[in-house]
């Protein structure tokens, strides 16, 4: 369970006490989120597909991945807050869209049929 | 409140019925997440900082942002699942690290002191 | 003038003597390029639009940008090599496409009309 | 051979006649470049490492890759122009750095020793 409202408040306060609200506009947060997703890529970029399936067994890689995922999620919660987006509703809506966009019987086992979730 | 365990199961089933587990290794999911964060960037890339602060008032931009944020979050939940990472713990741990890394009295109003959260 | 053929050979040799060809497939190189573009983002993410226009006057920022740009270009040349893509032809073709896609009289001063070059 | 000065002028004029200089600051161009690198990722994200080695044989994939690579390179040339960075010198300098950073005898066949070029 993630208490998004609680996390929003933690991040608001984190920014408030550092006087960082001046830097936290949606454009900058989108950049920061993409920057972190670049760091996530760097963890896996020279790893084979197969090795990435076993990467969770390596404590260092798991911890590094955990930190990057957390960074992305923190920026994402902050961005959603500033854009007045309800994350829970956004997810529900997108899952419905994905179910319609990728009917199981049409895309079964076929990666070519989709380029995004 | 986000019920991550419930979302994990929805995404597992979504992948199972489409026979997409063969594509969902951590490496590919990191790429897909970064691809979506690129789409998020495209929403804001020609917008001024100031205009991005008002972007939430534009229903189209808000909806598009909502979709990209949801895509990123879905991939993130799926990646965390495959890496055996507990998102709630990952966030708690990273927030503690950030509090130590950016002491409020040292970084107040100063964007140069930090390059990541 | 960039001598792409010469650069291709330098990069081939760089990879050969390190036995890195096993890691340099197009997928991994695309990831590495995107990872570097994430580092490029981090240089500018907390900077205002206006300040970024003066960023070239800061020797440190200019050097850091120079390194990231070079990294991106090196991966790009290597990726084009492996994909058998002629960079010069690719540029000529894309410039023509862009000229057709964004007719000057229709998109003048309008950022909304385009989301990519 | 890429005539960077010629390409710089083409891109300057492309932007001038569209009155797009107002959008082309280094920050926005870094975002646009990263956005295109996200599109590049999407080409390869569900492809196996091995399949990506044969991707150049697929005319559609090759063309799509060619377009994304060209987009990235055009933004990169434009960004270097605005940052007053000489691409040729930037490459030469970075290649020297990489040669020192990754001594062949130490990193031979080892992807773990490096996370960037």
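We call the chains A, B, C and D, going by the order they appear; numbering starts again at 1 in every chain.
Criterion: a contact is a pair of C-beta atoms (placed from the backbone, for glycine too) under 8 Å apart; a residue touches a chain by one contact, two chains touch by 3 or more.
From a predicted model like this one, the values you see are computed outputs, not experimental measurements.
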{"item": "Pair exhibiting more inter-chain C-beta contacts, A-B or A-C", "value": "A-B"}
{"item": "Cα-centroid distance, chain A relative to chain B, in whole angstrom", "value": "2"}
{"item": "Centroid distance [mean C-alpha coordinates] between chain C and chain A, Å", "value": "24"}
{"item": "For chain D, residues contacting two or more additional chains", "value": "23, 27-28, 30-32, 34-38, 41-42, 44-49, 111, 116"}
{"item": "Touch-based graph of the chains, sorted into line, ring, star, complete or other", "value": "complete"}
{"item": "Residues of chain A that touch chain B when the two form their complex", "value": "1-5, 7, 10, 14, 17-20, 22-23, 25-28, 30-38, 40-41, 43-44, 47-50, 52-53, 55-56, 62, 65-67, 69-76, 79-80, 82-85, 87-88, 90-91, 93-95, 97-99, 102, 104, 107-109, 111, 116-117"}
{"item": "Sites on chain D touched by chain A in the complex", "value": "27, 30-31, 34, 38, 42, 45-49, 111-112, 114-116"}
{"item": "Residue numbers on chain A that touch chain C, as the complex places them", "value": "23, 28, 31-32, 34-39, 41-42, 44-46"}
